[in-house]
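Look at the two complexes coming up: chain A is in both, with chain B in one and chain C in the other.
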Partner chain A sequence: MKYVLQRIGAMLLTLFLVMTLSFMVIRLMPMSLFENPEVPKEIQEKLEDKFHLNDPLPLQYYYFMEGIVTDLDFGISVKLRPGLEVFDIIVTRLPPTMLINFLSLFISIPLGLIFGTIAALKRNTVVDHVISVFVILFISIPSFVFASLLQYLFTFVWPLFPTLYESTAVTVGQMMHSLVLPIVALSLGPIATLTRYLRGELIENISSEYLLLARTKGLTKTQSIVRHAFRNSMMPITNTLVSLITGIMGGSLVVENMFAVPGTGGLLTKSIFAGDHFLTVAILIFYSAISLVTILVVDLCYGLIDPRVRVGGGK
Partner chain B sequence: MKWIDRNNLPEELKNLPDSSFESLHQEDIKDEKFQTKPVGFFRDAMIRLSKSKVSMISVSCIVLIIILALLVPNITGYSFTEQNLGNKNLPPKIQGLEKLGIADGTRVLENRKKDALSDPDRYPEGSVLEILREFDSKGVAMVDVKVDYYKYVGAEDNRYHWFGTDYLGRDLLTRLFQGTRISLMIAFFSVLTNCFIGVIYGAISGYYGGKVDMILTHVAEVLDGMPYIVVTILFMILFGSGMVSIVLALTITGWIGTSRLIRSQFYRFKGREYVLAARTLGVPDLTLIFRHILPNCVGPLITRVMIAIPGAIFSESFLAYLGLGIKAPNPSIGVLLADGQKVLLQYPYQTLFPAVLISLLMIAFNLFSNGLRDALDPTKRGEE
Partner chain C sequence: MAAETKKQEREVVLSVKDLKVNFRAYGGLVQAVRGISFDLHRGETLAIVGESGSGKSVSIKAIMGILANNAIIESGEILYDGKDLTKVKEDDFHEIRGKRIGLIFQDPLSALNPIMKIGRQITETLRLNQKMSKEDAKKRALELMTAVGIPEPEKRYDQYPFQFSGGMRQRIVIAIALAGDPEILICDEPTTALDVTVQAKILELINQIKKDRNLSVIFITHDLGVVANMADRVNVMYAGKVVETGSAEEIFFEPAHPYTWALLSSMPDLHTKERLMAIPGTPPNMIYPPKGDAFAPRSEFAMRIDYEQEPPMFKITDTHAAATWLLHPKAAQNGIEMPAVLKARIERMKRSGAVNG
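What follows is the complex of A and B.
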């Protein structure tokens, strides 16, 4: 329990830091909205009132934080969707992004585990070498290059999928049809990363002495590998999951935009281009929150898999 | 005869000729003399590295790309900012290869009016090569036609753009390698600053230990907790786009890994007897840190640097996709990729070349750093 609280505390601290940084971005950037001479004076004064621009900076900071914590008030969009609450915009844009991110994650974990196990069990055979070649390719080549390649091949040369997200898609099936390519593009890298790590860990565990002991006491090869080697390999793997998740989320920022998926990724790019800082910052805070929660879940899973983490929180 | 003090030998014994000695050993001595020089750690590592074919291929690939990046922008005859709006989006055309039908500067124009083909203003003399398809659309005769695009836009005969031109008519070959130059520079400088900060932070934290270490580690941990992408983007917005700000933004959280590595190495080595001995002799802390303990970290540090470089190249292109890349007329691989992506289906070659180059670069760096790690730490060989 103490472990859980500690993790949550660390998470909140990080979120707080991200928000502080966000505040700095909003307040230190030149904002045409407040300086635009075309906006009538009264409205400008109202805006200043709403955003507390006349108060000293620490007080502004306080209001900014208070707004977020109590009302989820991230400010209003200034340029992209003038006047709309940033929070509402994001909420409508969130589902496709979440779909892409989580599906990529859920596809890549089992596939990565399967390929990693195969490579480790068939070590130094043709299978292993083929897998290794693909691993190095997929780890090295960035997801957006894959996205370009897939887009060109499967929407132009062989038009199997729509080039851009079909905005008319209503059912999950239709949405999925549009989302296949971005999901594949995002999954390749993580699959390769997982494969590589699991292969290394499994090989180390399989050649270890405790596995020999397990065999000598009468377990079959399968039993010993599944019960002992695999389970021990999972612990370091859980650590790489964290970087996997942040990697997928980052990649999806770009890939979503390439396929015109109406998610937060495309919105972020547009808001950065437009200089709509309230929106940018709010999306980034959302991203931080989501990735931090995911990492927290992974951390807790870590405790589930490895009892030592649960017990030995302190020194 | 070790016990005789050499300095006090009588003068006549000092310069005895070899002939006055006789070997007690009757047979030939079978031992061979050491022909080789003693091999130090790094020499040993280099020998191991040079035996690995993959590493050698990847390192030559890297060197080749670096040489090209240094050379090509100066010899193409175009500058990377030179715009030529008449010649925009020209397809690739390469001397020699054009006769084989690859990169010959042709392009298929679809759905053109057939009547216009004979109009020399629209289709200059000799530009129409082949009519691929004739069809009828609402009573108007239409054609798909293959044209020599260079003649079609009225470019001079001796104009060659190996990789084509972009939407402003800039030569993409020049821009690609100028971009490689900039991307590599960003990667290099960001890794360098990361190393610099990481080494000092990690050294202090690891060497002094105790409370200092606790505080420093916690600070690093909190910083590390922030999602890397979010922090980088926020800082890029704060600093504005440009090379210096990209390097800074990549440094914000990038140094933490290095400092962790250095710290753990310091913990390993600071308790060793030789350090204790040096301290007993009155060696000051700074000398201990940099002269005696830090050299132990060089191996892992080099490996880490090599792994960090492709990461930095990746981050740079990632930022370019988000519109936070390098400032406008300057290219970088990421900027070129992002620009090419916008016209991917019309002009795929504009994405193809930067995509191939960044992939090659990333693969080469990754393979090389794998090889380097194996060479510097043979116990970890094959673990991947």
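What follows is the complex of A and C.
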């Protein structure tokens, strides 16, 4: 229990630091939020006063935090969707992004585990070598290259899927049709990463002393591998999940833009270019909150799997 | 004691016949075991002694069917219960491991699965492959833990390996080896990784268990001090061959092979005033095993024939034999004897009754 509280405390502290940092960095950028030649000077100044933009930075920071803590008020969008609450914009943009990220995660994990296991069990055979070649390719080539390649192959050569997200999509089925390609593009890298890690872990565990003991005490090879090697390999794998998830989210920022997906990823880049500061800060906080939650979940799972973390002490 | 056991013809439990094991390596074929033969009799402790790389661990891995993938059993038989273990398929071998032949590991620190409860590691085989009920398996595990001297077994049952000390972990490993109620127990340097004080306790425990359960034990070690306490019979191995075999008394009091002499001389005792003898040189490269007597290049007693022709096993008594040309009638005329230092030491050992006593 103490472990859980510790983790949650650490998470909140990190989130606070991230909020502070993103606020400072964005607010220090040299662009006035309301700069617009068509709007009279006085109105611009009135608006700046309303959003405390003429106050010293620490005071701005205080108002900013106060808004978030008291009623989840992240401010309003000024440039992209003028007048709309930033929070509401993010919520409406969430579904496609969530679909892309979670689906590529749910595809990557089982496939990575399957290929990693095959490669480890068939180590140094043709199968292993073929898997290794693909692993190297998929790890070293970034997801947006796959995105272009998939766009070329499946929307131009064989037009099976739309090149860009179909804005008329409402149901999950329609959304999925547009999202197949970005999901595939995003999944290849994580699948390869997971395959590589699991292969290494499994091989190490299969050649370990305790696996030998498991066999000499009378377990069959399959039993000993599943019950000992595989289970023990899961421990370090849970750790790589963190980088896997953040990797997918980072890739999604770019890939969403390429497929014109109306998600939060595209929104972030657009808001930065437009100088829509409130929106940018809010999306940054949103992304770091998600990363921190995944880290928290992984940490807690780690405690469940590894008794040495849970019970404490020991080597 | 060995003197009595010599007289009664005892049942052979396990018989290794002319076993040859090679390993495929980058440099070529490593001939780790080059034709060893020995019998294990019911209720005895057979020690296999030799330095690292002499092939002792490889031999017992062959018996357990856990040789690495690049190993090839070139020839020979391991007869157990009417079966040749070298021909048993991996899918059937789990019927023998644990249930018939148990193994105790060298390093208890890495032999236990770090994230599995001790109790489960002991009961796993019983539950999965012997279809024992959960309660029965637990009861049996607790009995075993008591038998190997683990205090508060009920509490310890649900703990993890990192909560145990090295000696306690070795006791758990022994309990796991005994869980399937095997009739042969193979101990692969079971005390090498432990403190000296703990060593003695573990050896005592193995002796006790052996007596209680009428086990036949193969004891692998490079520590002759341990051998003296444990063994009825001793095989001395060098470069993949058994170079001398005999009862513990014969090996300690009347050693015949220069390698055995060297081993005994390099063992420290309380009276060692002079510089401790070390065996010069290193073991041969087993990709190209030397012609003749493999120990010859390191032996001060080597004769010309030792470099040319391999010595056969010369029988000294019914139980004692050694593979050295020194035992050939022609060489005996030269009157080569064991070093004086060793002779004095053996006299001391005889007087103090160090062997098995």
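Going forward, the second predicted complex is superposed on the first by the 289 of 315 C-alpha atoms of A that agree within 3 Å, B and C clash if a C-alpha of one lies under 4 Å from a C-alpha of the other, contacts with A are read in each partner's own complex, and residues count from 1 in each chain.
The criterion applied here is as follows: contacts are C-beta pairs under 8 Å (C-beta built on N, C-alpha and C of every residue); 3 or more make two chains touch, one makes a residue touch a chain.
Not measured: the values here are computed from a predicted model.
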Superposition on chain A - do chain B and chain C clash or fit: fit
If touched residues of chain A are counted for chain B and for chain C, the larger one: B
Touching partner for A:Y287 - first (chain B), second (chain C), both, neither: first
Contacts of A:L219 with chain B and chain C, given as first, second, both or neither: second
Touched partner set for A:N232, first chain B, second chain C, both or neither: second
Touching partner for A:F156 - first (chain B), second (chain C), both, neither: first
Which superposed partner A:I136 touches (first chain B, second chain C, both, neither): first
Touching partner for A:V254 - first (chain B), second (chain C), both, neither: first
Chain B versus chain C as contact partner of A:I305, first or second or both or neither: second
Chain B versus chain C as contact partner of A:L13, first or second or both or neither: first
Smallest distance from any CA atom of chain C to any CA atom of chain B, in Å, after fitting: 14
Chain B and chain C footprints on chain A, overlapping residues: none
Residue numbers on chain B that touch chain A, as the complex places them: 221-222, 225-231, 233-235, 237-238, 310, 314, 317-318, 321-324, 337, 340-341, 344-345, 348, 351, 355, 358-359, 362-363, 365-367, 382-384
Complex contact set, residues of chain A against chain C: 208-210, 212-221, 223, 227-228, 231-232, 235, 305-308, 311, 313-315
Contacting residues of chain A [partner chain B, same complex]: 10-11, 13-14, 17-18, 21-22, 24-25, 28-29, 132, 136-137, 139-142, 144-145, 148-149, 151-152, 155-156, 163, 196, 199-200, 203-204, 246, 249-250, 253-254, 257-258, 268-269, 272-273, 277, 280-281, 284, 287-288, 291-292
Chain C residues touching chain A - in the complex, by the definition given at the top: 64, 66, 90-91, 94-95, 97-99, 102-103, 105, 107, 110-117, 124-125, 128-129, 160, 162-163, 173, 176-177, 179-180
